[in-house]
Amino acid sequence: MNSFGTIFRVEIFGESHGKQVGVVIDGCPSGIALDEQDFMEDLQRRRSGKIGTTPRIEADLPHIVSGVFDGKTCGTPITILFDNTNTKSGDYANLMDHPRPGHADYTGMVKYSGYNDPRGGGHFSGRITLGIVAAGVIAKKIISPISVSAELTSVGGRTDIQECIKEVMAEKDSVGGMVACTCKNVPVGLGEPFFDSIESQISHIIFSIPAIKSIEFGSGIAAASMRGSEHNDMIVDSDGTTKTNYAGGINGGITNGNDIEFRVAVKPTASIAKPQDTYNFASGAVEPLEIVGRHDACIAVRVPVIVECATAIVLADCMLRAQ
Amino acid sequence: MNSFGTIFRVEIFGESHGKQVGVVIDGCPSGIALDEQDFMEDLQRRRSGKIGTTPRIEADLPHIVSGVFDGKTCGTPITILFDNTNTKSGDYANLMDHPRPGHADYTGMVKYSGYNDPRGGGHFSGRITLGIVAAGVIAKKIISPISVSAELTSVGGRTDIQECIKEVMAEKDSVGGMVACTCKNVPVGLGEPFFDSIESQISHIIFSIPAIKSIEFGSGIAAASMRGSEHNDMIVDSDGTTKTNYAGGINGGITNGNDIEFRVAVKPTASIAKPQDTYNFASGAVEPLEIVGRHDACIAVRVPVIVECATAIVLADCMLRAQ
Amino acid sequence: MNSFGTIFRVEIFGESHGKQVGVVIDGCPSGIALDEQDFMEDLQRRRSGKIGTTPRIEADLPHIVSGVFDGKTCGTPITILFDNTNTKSGDYANLMDHPRPGHADYTGMVKYSGYNDPRGGGHFSGRITLGIVAAGVIAKKIISPISVSAELTSVGGRTDIQECIKEVMAEKDSVGGMVACTCKNVPVGLGEPFFDSIESQISHIIFSIPAIKSIEFGSGIAAASMRGSEHNDMIVDSDGTTKTNYAGGINGGITNGNDIEFRVAVKPTASIAKPQDTYNFASGAVEPLEIVGRHDACIAVRVPVIVECATAIVLADCMLRAQ
Amino acid sequence: MNSFGTIFRVEIFGESHGKQVGVVIDGCPSGIALDEQDFMEDLQRRRSGKIGTTPRIEADLPHIVSGVFDGKTCGTPITILFDNTNTKSGDYANLMDHPRPGHADYTGMVKYSGYNDPRGGGHFSGRITLGIVAAGVIAKKIISPISVSAELTSVGGRTDIQECIKEVMAEKDSVGGMVACTCKNVPVGLGEPFFDSIESQISHIIFSIPAIKSIEFGSGIAAASMRGSEHNDMIVDSDGTTKTNYAGGINGGITNGNDIEFRVAVKPTASIAKPQDTYNFASGAVEPLEIVGRHDACIAVRVPVIVECATAIVLADCMLRAQ
């Protein structure tokens, strides 16, 4: 299913080289100021153009076609569309026979019995995350004064990030990175025990973002090596403030009023210019595959704003459920 | 919400010191052989009794009260109940004023305006995972021949696991651990792109298990330091078999036929015998808290079977949706 | 699926001659006074014992096993169980071969491939509506000061209801009836346009009650013969009060502040003492079937309280969503 | 919420005088032949142009922007858009102060705190049913060989339908009508007991269609006056065929293989040319309201195709769930 949320519901659709990609946001409260300009900053952060990103540049102009009247949300479903204009589908003709390693070419073909749109990754394209960003821009308005902020903290295990990317590009290769996210001004009491814990909901949507390989809350992996006496966050004040934040702002699935903190690992872009050996279903043999399209050398560069927006969607839904 | 799943739906309920805890499983196909004995092996694995686990020992006998007739599932909701018998509620009287650090005492109190059952952690108790294990036992039958297997791989960062736990217990402390899970014989094509990716669904339910702090699929955190030429799993055969498995068996959110592999970090049990300083809401000051109940020194010891069962629930739901 | 609702979620389970039937109510706010005595009045109204109802009499004592602490709801799932005690399963042995006309014997057998529990109708039994009544009792507390009131208005097309039932019983037959429901003190603005209109939600749950054949809101069927100038309810005051109430209290799927009014037709009980010709799958011929169990001559007598409770569930969910 | 369905999910959006209205259909199987021409027949049946329908004529051309590749469904979300072109918004400026009786002007204003789009009924417009028709066209392909057929059987209580409408139009009034729907070739076993009974699901979506006031399955209201010996449908063959069909093709919420039969009453269009007295919130008095827009004298004329499509959506979802 391509929808997420209980009250604030987000449905994304589209294919990389189809006519349009977009999103329907249902359950947004009425009366929120919203126009197309509001999306530009986060869309700009998601766009390519920076070092390490694809030379396919799309205008990514949002078209609001429903749910907004006279500059305010109506309370009815908001639909936002983006045109696909800069498409070069010829690049992808061969993928059905010789699927790219690390991509969804093979799994998509099996799941959809060969009927999925193979051009540019089709519905598996990172381009579909435009809808997550658009929904997140609205979610950020709903959750204010909660702020959500994500940033790229390392690439290829290094903090000289731009330098690392340049080296990788020179090698016609790609590289992964780490993204850290912090939510501030979070009220106590969002989330549910067990199945709808804040961690469950955030991880659910974060793993919807292509290329994410891990998520850690607070102490994360380090927790496995810690003692309880060290890991327990001592409460120091009547508002629940803790001295440390190994919990990542969450106890029992519920926000505790401290910052929500988590980190995600982003894998290296699967598409690389270097030829790679992989199975050719037409010939029945492992053969070199050369990918000639346009690609991001480090997709992690574009991930922080998507992580922010995805997280804001969860928090907006939790807040609207809790009211 | 305390339910999970689209077709194979699991609803858990109960409080640690209430009358019963249990689970309703809706959407289970009819005609599956099932009796109470079938649950005993996995329930036994979840029970305390091993080194590092709590001296509170419950019989944990499952009572099937609906959905099974003549030794077979009916296709109607299956309800399984467990009695709470070995409760010592006196231990917990003080927790509302002086909430335990690292627990949900404070967040639960705020979320439920002070009306939640505080005895033994109430609904936040790990005891509620009995329902996940019971549902998972049924799920394992549905997904056969897929197998799901999880094990404890380290405790406190060490592989001499029993030794480490003994040291920690001697210090009246607790310790975390790592659990690794592998699913074999997985067909190609389970899961959905984006919001219902296999990673999204598995991480959602895994973070429902108390004390989990991270999840990594395949390469996991290491992906952030890798190159694409290294990370891409070369396909070597017509069934989609890959040479390496950095993808963890998933591409584009869809299973690729290789093993699903993931690892989770379990934090040290929050309840420790050692006195801890923390805020007392009655006195308005940070004061030492001594926890006198019975606790697991290393809850990670009991987690593998819960991880298995939670994962089986996801796969059963995916399989029933895909049919 | 056996669950209903978005925020206030109700899951029912059980078989007529199984161990227990019951309900899990998730999403109930915390702090509502609740004990087992609160259910007795509505359960008593649902019980048999009146003229025209079955001689199978069950105690129908509710057992609250989770979600209530110290006489108040916790905010966590509330589970309520009812024992099945007065079962005579021998009566039903023959039904798999010779399914009763007007019952779910045949459809249940096909749907569940013969694995459903045939005793006493199994999961199709009206006994499962105990869970709807229990959930409705809680819902009524949530929606206060909205009141929901349903009554039997005719039986067999007659208003001398008891007289009609006695005649029918003398003939070893059964008879249908009409039930009317009114909700008072309804705020303006509950419900949603289109798919979650108040009519959609109410009709959805009302048709969950066995034996309901129709539902009409406000003018109902008569609307098909009316003119707009006659049917339009003139607004006469600033609180939205209308002069007439052909709308049944709903415009565009949303409550308009006037009473919600609807009526339902209840079919005659399918089980009758009179022998009936119907197909015998074992012999391959139409043959007389004699039903020797205990049955209601007019199930409509027991329906009003179930209609009330079902309606209250919808309104509670709408109110909790709207907050 | 503006979505419907479990596996075959339909999300509708748009406002009468906004840029576009449309629908996203998620969960449609891949490989179904589909192009824009396929929608034209049912869209044409829904369009105005016949006697008794509004002079506002829209081209209603469907634009498929996602989910279809090379003339076949991809298995990914299908988005279909319709432009709003023939809008005359000036007609509706006054409605916020002086809401039309029988419309959602007042309820929408309260629900959305005055932020909903008032032009042409905004999101409450019957125009939003274009999305239901578009989804239904696809659903009809999925459910084949099941056929769904609905027709107008009376208007204003009369069967000389065109004559009746002409009289009503001459009086500047509007009139209601009855629509009957029959589904043939239905397999045994679709639907669920209780909450997702076929009647529950069909009535849920049917009451999403504006102006519907009642629904009856099989015997319907007449059931309330019948005896069990008369109402029980005798099974006459091994495929479950019954001699009569008072059940309307459904027992215990499950299809029994006989035709599904139901009827709905459609109220007279609320907008009439005749002046009507109703409350003016600006002046605080009941005053005559003259509605000068373009309207259907008998909206029931356009309802049959919407009923068909809505029913097909339910059956498609049931079939995909049952597989």
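By letter and in written order, the chains are A, B, C and D; residue numbering begins at 1 in each of them.
Please note the rule applied: a contact is a pair of C-beta atoms (placed from the backbone, for glycine too) under 8 Å apart; a residue touches a chain by one contact, two chains touch by 3 or more.
Here the structure is a predicted model, which means the values were calculated and not measured.
More C-beta pairs touching across which pair, B-D or A-D?
A-D
Could you work out how far the Cα centre of chain A sits from that of chain D, in whole Å?
Chain A and chain D have C-alpha centres separated by 37 Å.
Just the number, please: Cα centre separation of chain A and chain B in whole Å.
A distance of 26 Å separates the two centres.
Compute the distance, rounded to whole Å, between the mean C-alpha positions of chain B and chain D.
45
Which chain A residues reach two or more other chains?
Counting only residues that touch two or more other chains, chain A contributes 1-3, 6, 12, 76, 111, 123, 193.
Linking chains that touch, what shape results: line, ring, star, complete or other?
Per interface graph, the chains form a complete graph.
Which residues of chain C touch chain A in the complex?
Residues 6-7, 76, 193, 321, 323.
For the complex, which residues does chain A have touching chain D?
These residues of chain A touch chain D: 1-3, 9, 11-15, 18-22, 24, 26-27, 30-31, 63-67, 69, 72-79, 81, 111-117, 119, 122-123.
Note which residues of chain C are touching chain D in the complex, please.
1-4, 6, 12, 99-104, 106-108, 110-111, 123-124, 128, 154-157, 168, 171, 173-178, 188-189, 192-197, 199-201, 203-208, 210, 212-238, 240, 242, 246-248, 250-256, 265-272, 274, 276-279, 281, 284, 286, 300
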